[in-house]
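For clarity, chains are labelled A, B, C and D in written order, and residue numbers in each chain start from 1.
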Amino acid sequence: MKDIREDIAWAKINQDVMKSLENPRPLYWVILFFAVLAFGIGIGCEVYQYQMGMGVANLDNPHVWGLYIATFIFWIGMSHSGTLLSAILHLMHADWRKPIYRFAEAMTTFSLMTAGLFVMVHLGRLWQFYYAVPYPNERWVWPNFQSPLLWDAMAIFTYLSSSVLFLFVGMIPDLAIARDNMQSGWRRKLYTLLALGWEGTDRQWRNFRVTYLTIACFLIPLAVSVHSIVASDFGMSQQPGWHVTSFPPYFVAGALYSGCAAIITLFIILRYVFKFEEYMTLPILKKIVRLTFAIAMVWTYLNCVEFASVWYSHDAVSKDLLIQKMTGPYAPFWWAMIFCGSIVPLIFAIKRFQTNIPVLFATSLLLNLGMWLERWMIVSPTFSHGYYPWTWDHDQWPSMIQWGIVFGSFGWFTLLFMVFCKMFPSVSMYEVKEMVYHRSLHLKQNGTVEQGVH
Amino acid sequence: MIDSDSVKNLAGHPFDRRDFLKVLGWGGAAAALSGCGNTSIEDGKETVVSYVEAKDYVIPGVAVYFNSTCAQCDAGCSITGKIREGRVLKLEGNPESPINKGKLCGLGQAAVQHHYNPDRVREPLLRKGDKGEAISWEKAYALINEKLAGVKGEEIALLSGDVSGHQKVLLGNYMDSLGSKNHFVYEAVSPAVVRAANLKFYGVEMPRYRIDKAKVVLSFGADFLGTWVSPVHFAQQYAAFRKGVDGQRGVLIQAESKMTLTGANADRWLAVRPGTEGILALGIINALGVSTGDVAELVKDYDKARVSRDTGVEPSNIDKIAALLKLRSPSLVLAGGAAEGYVHGMQNAAAINLLNQVLGNVGKTIEAPVSVPFPQMAPSKGRTAALKDLNDGLAAGKYKVLFNVATNPVFTAPASYKFRDNMAKAGFKVAFAHYLDETALQADLVLPLDSEMEDWGTHVPEYLADTVQINIQQPLMERLHANTRGMGDILLALVKQRRAEEYKAFDDYYGYLRSAVLQNKAALGGAGSDDDTFWNDTLSNGIVKLSGASGALSLKVDVSGLKLPAPKEIDEQYPMNLIPAVTSNLRDGRHTNQPWIQESPDPLTTIVWDSWVEMHPKMALQLGIVEGDIVKVTSKTGSVSAQVYLFPGIYPDAVSIPIGRGHDAMGRYAKGYGVNPFEIMDAVFESATGELAMHETRVNITKTGQRVIVVKDEGPAGGRQMGRKIAARVSTDQVDLSKEV
Amino acid sequence: MHRYLCFPAILAGFLMAVGCYAATDQQPTLTTEDDLGPQVQQPIEFPHYRHAGNRNTVDLTNSDPTKGGMEINCQYCHTYARRSLTAGIPPLQKCVGCHQNIPSVRDKPRIVELFKYWDAKKAIPWKKVHDLPDFVRFNHERHIKRFIEQQGRPVQEVCGYCHGQVKEMTTARRQKPITMGWCVSCHMKEHVVVVANKDGIPEGGTPLGKQAYWYTFQKPAETKNAAGELTAKGPNDCWLCHK
Amino acid sequence: MSVTNLLDNWAAVRHFHPIDDKPHDPYKWAMAIDLDACIGCNACAVACYAENNLPVVGREKFKHGQVMHWMRIERYWEEDGRDFPDQGFQFLPMMCQQCEAAPCETVCPVGATNHTQDGLNSQIYNRCIGSRYCSANCPFKVRYFNWYDYPTTENVWPAEMNYQLNPDVTVRGKGVMEKCTFCVQRLRAAEVTAKGEGRIVREGEVQTACQQSCPTGAISFGNLVDPESRVHKQWQAQQVDLDKDAQEKNQKEGGTDLRGYRILEELRSYPSVMYLERVRESAV
């Protein structure tokens, strides 16, 4: 099967994609409704938590971090998908990424925004967050540049701004198309503004290519660093289970893994909701599935490396913790993580399932669950089974408020993402055209393509 | 938060003689009180209330210190109150006092929370049906006078706790003026049986124990570090004892059925079958093998095998202890609450005292106390038998008027007394109270007392550390509530109703106290100094130290009456012994409404805010009980339900419930937390003294099927250190203590 | 296309400018900058100039703030400042102590008001002029010890570092920003330290080696100013004011 | 507030060994706790509540592990198959160890917890934004977070009870971290007084609240660099060096006959509290 039909007319591409801005399937509205609902619940919980204090999340001393930080890492991880597809694969000239990289990039941006929210939600004094911003102030004090948390904030901010830029720059030609296709109204004004006067001249194309490539190159180290830095939040501490040298690659692998899994999920949703069957084709899905499988195996390997290094080290406390994870109160979640993260992706190895949408959808959700559990299993057991036995957990189970905010974050992300897809072309028109062009060129050389299409 | 408004409220009080503590504002020092939330600088919005008149030593922002006496228990520790801007902030020990030498226990520190307690009674309250109506003091006094009219002296009873000093004198005079001899001195928790045994053996009730001079201390349930007699003083002696005599570290052996704080610090803790402490003592005498005559005759049956069988202590341990006691002399043997709480408590205590005598400790580590030169001020010590007597009298309808001075017998009398009902038989009940506790709620008239930080007084402790000392209690700050009165002031007002002439010279208790002290100026060591100087010195010292005569103990060894019963057979229906535990935080429950006390974890179980049933893990395993199970503890008298805590420091046949919680009145921090073991305590009495035998209750345990999370500081790891070196321990042969600083 | 480059260029330029500004070693200049607080309405309009002002004339009808003062030492009334963290407001007794012996002004409205409070034995509800956030503990005593007692600087000058020229005011008004940066700016300056006493601790200044440096374990080097005098910075320890 | 100023400080950022160049002059506050003297009576903990305005959180919050005791008394007993704790329990007063290379300090994003020159690990409440990273990184778990706004919580400081609050210590609102300060308000007051008199704080001039109340004198506290201080003598006699992560005496063959040790010393946080092992008689 082919990645894409070579005989799609360019006009039809424009038409199909522009349609997604107008009339999606009804499921879109259903999703949007639930997203708003979940987000509303999250907001309610957060307002209550803000009023009452962090205690309502049922965190305690010393179990001071909980699902917020776990979910924060989860969203940061999710953000790696976009960069992987658009920047890394772009540089590798893997052109099958072209129909899907736009929404992956949007995912990057929005999951980063969600992650950023968690940093805020997690703060005990949210209203003083600006103390962590290095700017000249009347107090004459700098934040602490030694703190990985500060690096984190900066890395996230940089990554977020870069990916917004990347997303935007990559969208300019398409925005121009949208502008030209819109009759009138505020959306046309918006596209006009955002298209920055794109006319498609050679000079513009040349500048555009250079800019896009530059940002892509810039973004890759950022993506790697952002999750390495998140990893160093833990790796730089000296707590058992956190103080692990292999954490940065482990986190990056985990990030790519969860990102890919999320792409599969959203791929399937978008394909249906926006009627993108022509562009988001099963062969492309198959490629992503295979990629995901590979990353899953890398992640599994890194997991084994971590266990082995703990097991063979003389660090009795870390070893204790590992045993505790496998057998203690967190064991069900830990084993669920292993199951979802390492066993479930084996389905991807079976060819028959690589294009089976219901199976893939279910599997990708399980993978995401597994990756979320992984983050939780990194954060919480260390608190409940750290160096100091006297303070091991009392009654630590996340309260409904905590769950509510975590739940709400999914609503927030979905909301942003769905609104984006309805507002902007979520399939890159000009790149799909390129792809079709290149493929048809290849066919032309073989003389198999029908005449008169282009 | 305290803002300037509340300061202004305080400023509304009228001037009086205590104006040196006048709260008239803090001159800008209020700043320090608020939280982190306020980052705003609001020039010109906040009011700075300055003093109208200020003494030279009053500097806003600088603390002043006044000495007084702690009244949280009757050990008589001297305290130094830190006062800032007219408010007492913190209590420290007064270094000048030989009893506590600048130290203070947690309970003593919490006294400020008694003073500032939001649940204190603030107005005199007269019963109107179920409610109390606030009345004026004049009316209250008139009412008392009215109710006393025509009542015969023997129909009037007064119940109080330990009392000493001038208050005792005044109390005595008042009762005298009423023609009543019915002053019942009652403490729910007191070593009355040991006192009686001591009196019989040594000729004094409370000799001076010299733990610091002993090389070995063998204690039979005496929790001298936690609750027994004078814990802060003994803790200091203990510290010296551990440092050692001639560099040899003191050895502490504790034998008891339920581990106390002292037991938790022992080098060897022996779990003995409840009630067999005396048998163990005799067994040790036997194992020492040094006695002759009567004593040898007495102990000859108490061979190791039998003693071990009876007490549950391993024979090897008896040998080791005997060997150690023989090797290291002097030693000290103590009998405490656990030994005396049985029908044969006196016999237990006698056997233990005999062991002391056999070891030759009397005169070495047990010394004669100094005698107080003013016997009228010497303390009257409470007994549980007194409450029994009062209760019997009330039940028989003997008393028409009952005064209750801040005791809480409704809470601390065993339920089988039916004290609440009997109390109702007295026609007119007056409670002098700090809180509306269980007893005050039964009264017809509740008169609010000053806290110890607002009141004047003198105290003579029963256990004198060094010299005789009269402790001065003085207000550390202005009265917090306008309508509370000191007990002394109330007594003076009442006695004036009877003997106006005699007391007309005294405006108030302060005046009475001052003149009483100054009258004896010479005897109190103030000869030569003028009245004001002496008085001011006395107040500033907080203690008057006197040299009292210290006689010798009149040792009487009479073993003829000494006969210890064999351990009780296990009762099928009620197989377990109930040990009501006296904990160092809660004591008899009068301080339960002080939140620091509620939240300060029990040292042994780390449980807070609740009662628990302590049970040995082995026994729990047998009964299929795990931690947090709610069990019903049933005795012949009744039953209570509480959570189980598995605790290894208890004899497996016994369960223990702490005393002090389970209030159904008193205040927001006490009410509704835990259960009260007095409710299921059988009314069994010590045979020789008539004291309540608190350890004689037999119970059975049934599961209710409910389970809760035990609220405690200890985590799921329990007391295990998981291989980390956290709280390390070393045995004496591995360490060289002589090198230490 | 160049139009669209304008914005990034301006942005980059702006960022660079901010960077350069931030990078330069800003000398603390705030100390001299006056930042007037609100004029606070007091229950009695206390004339500071009359009490602390210069004794140019003793003409009491003169309302020129710079003239007609009694040159009373600040510490005569604000007596707690040298002994306590807080300067405090003098007790009413202090005012009356003098004024009951000054019959000439007894019927002035302010004095009448004063005696009204005194007769009622009521405290005057003064309004706070220099209000710090509740978590800040400025120590008056230490500053007076250091500058007045140990270095012998004039009282009014030293008080004026923070309170401005109160002797020229009627009721006091805040003259300085009293923000943390303002405090720190002074603490970061090199101040002259008087010679060391026998313990090697320089009097009238922060002993060398006592400055706490945030994350720094290095002993600060001994510094001298152009005149060769020993200098030191003020303490840099958060826990001195925030506890 | 300039970058130069930032770089200045940064250039002198923590050395690998924090106390190589002996910066603690004239003060280094330290503690020694004799576990043999500690009887676990809780007097220190209550004194700490009184001195430092600690909120009483109540039963429900205690249950959720949100208690605020800066000083906690831990009670240990290793079973080793025994039925009874027949050598008693082991009590351990645990509070902030004021580490020299404190793991909490480096991770705070806003620098709300720093090292002071007199060897304390400061906690600045008003700077804290509540990221709780410090607590996450504390090996001893002695940091306590204000999960609720205790000053406004019912029955924490109801009317009158709030009069007891120590004005020298900030009452913490919700969302800030707090911990044992070695009673810094007392230390600073003593230091400032001494400075005014041109001397250093003398031994015995300042006591922490826990030390002052301890009935058995198990806690000694003082200036470690002052050779006259009891703490200095104790540390020296026990051969415990502040700047070692493993004490020489323990590396000697046959072990040591001294009982001074520091908890989790091997983590290289260089705690300022030395504990003396509890002693138990071998003859019984």
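Criterion: a contact is a pair of C-beta atoms (placed from the backbone, for glycine too) under 8 Å apart; a residue touches a chain by one contact, two chains touch by 3 or more.
None of these values were measured; they are calculated from a predicted model.
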Worksheet item: Which chain wins if you rank chains by how close their C-alpha centre is to the centre of all protein C-alpha atoms?
Response: D
Discussion item. Of the chain pairs A-C and A-D, which one is connected by the greater count of C-beta contacts?
Written reply: A-D
Worksheet entry | Per Cα centroids, the chain farthest from chain D | A
Worksheet item: When the centre of a chain is set as the mean of its C-alpha atoms, what distance in Å lies between chain A and chain C?
Response: 54
Worksheet, complete the sentence: Rounded to the nearest Å, the gap separating the Cα centres of chain A and chain D is 43
Worksheet item: Taking each chain's centre as the mean of its CA atoms, how far is chain C from chain D in angstrom?
Response: 34
Fill in: Approximate Å spacing (C-alpha centroids) for the pair chain B, chain D
31
Worksheet item: If you look at chain A, which of its residues touch at least two other chains?
Response: 136-137, 140-141, 144, 146, 387-388, 390-391, 393-395
Discussion item. Give me the residue numbers in chain B that touch at least two other chains, ranges are fine.
Written reply: 29, 31-36, 39, 61, 709, 714, 720-721, 724, 726
Worksheet item: Which chain C residues sit where two or more other chains touch them?
Response: 22, 133-137, 181, 215
Discussion item. Chain contact topology under the given definition, line, ring, star, complete or other?
Written reply: complete
Worksheet item: Hey, which residues of chain D end up touching chain B in the complex?
Response: 35-37, 39-43, 45-47, 49-51, 56-59, 62-63, 67, 69, 72-79, 82-92, 125-126, 128, 149, 151, 155, 158-173, 176, 209, 212-218, 230, 233-234, 237-238, 255, 257-259, 261, 263-264, 275-284
Practice prompt. Please give the residue numbers of chain A that touch chain C in the complex, ascending.
Written response: 136-141, 144, 146, 196-197, 203-204, 207
Practice prompt. Quick one: which bits of chain B touch chain D in the complex? Just the residue numbers, please.
Written response: 1-2, 6, 26, 29-37, 39, 61, 84-85, 87-93, 100, 102-110, 112-113, 116-118, 225-226, 231-232, 235-236, 238-239, 242, 249, 251, 253-254, 259, 261-271, 317, 320-321, 323-324, 327, 480, 584-585, 595-601, 603-604, 606, 608-610, 616, 618, 648-649, 652, 668-669, 673, 709, 711, 713-714, 718-721, 724-737, 739-741
Discussion item. Quick check on the complex: what are the chain D residues that touch chain A?
Written reply: 1, 6, 10, 13, 61, 63-67, 72, 74, 94, 103, 106-111, 127-133, 135-141, 143-149, 174-177, 264, 267, 269
Worksheet item: Inside the complex, what are the residues of chain C that reach chain A?
Response: 1, 3-4, 21-22, 177, 179-182, 184-185, 215
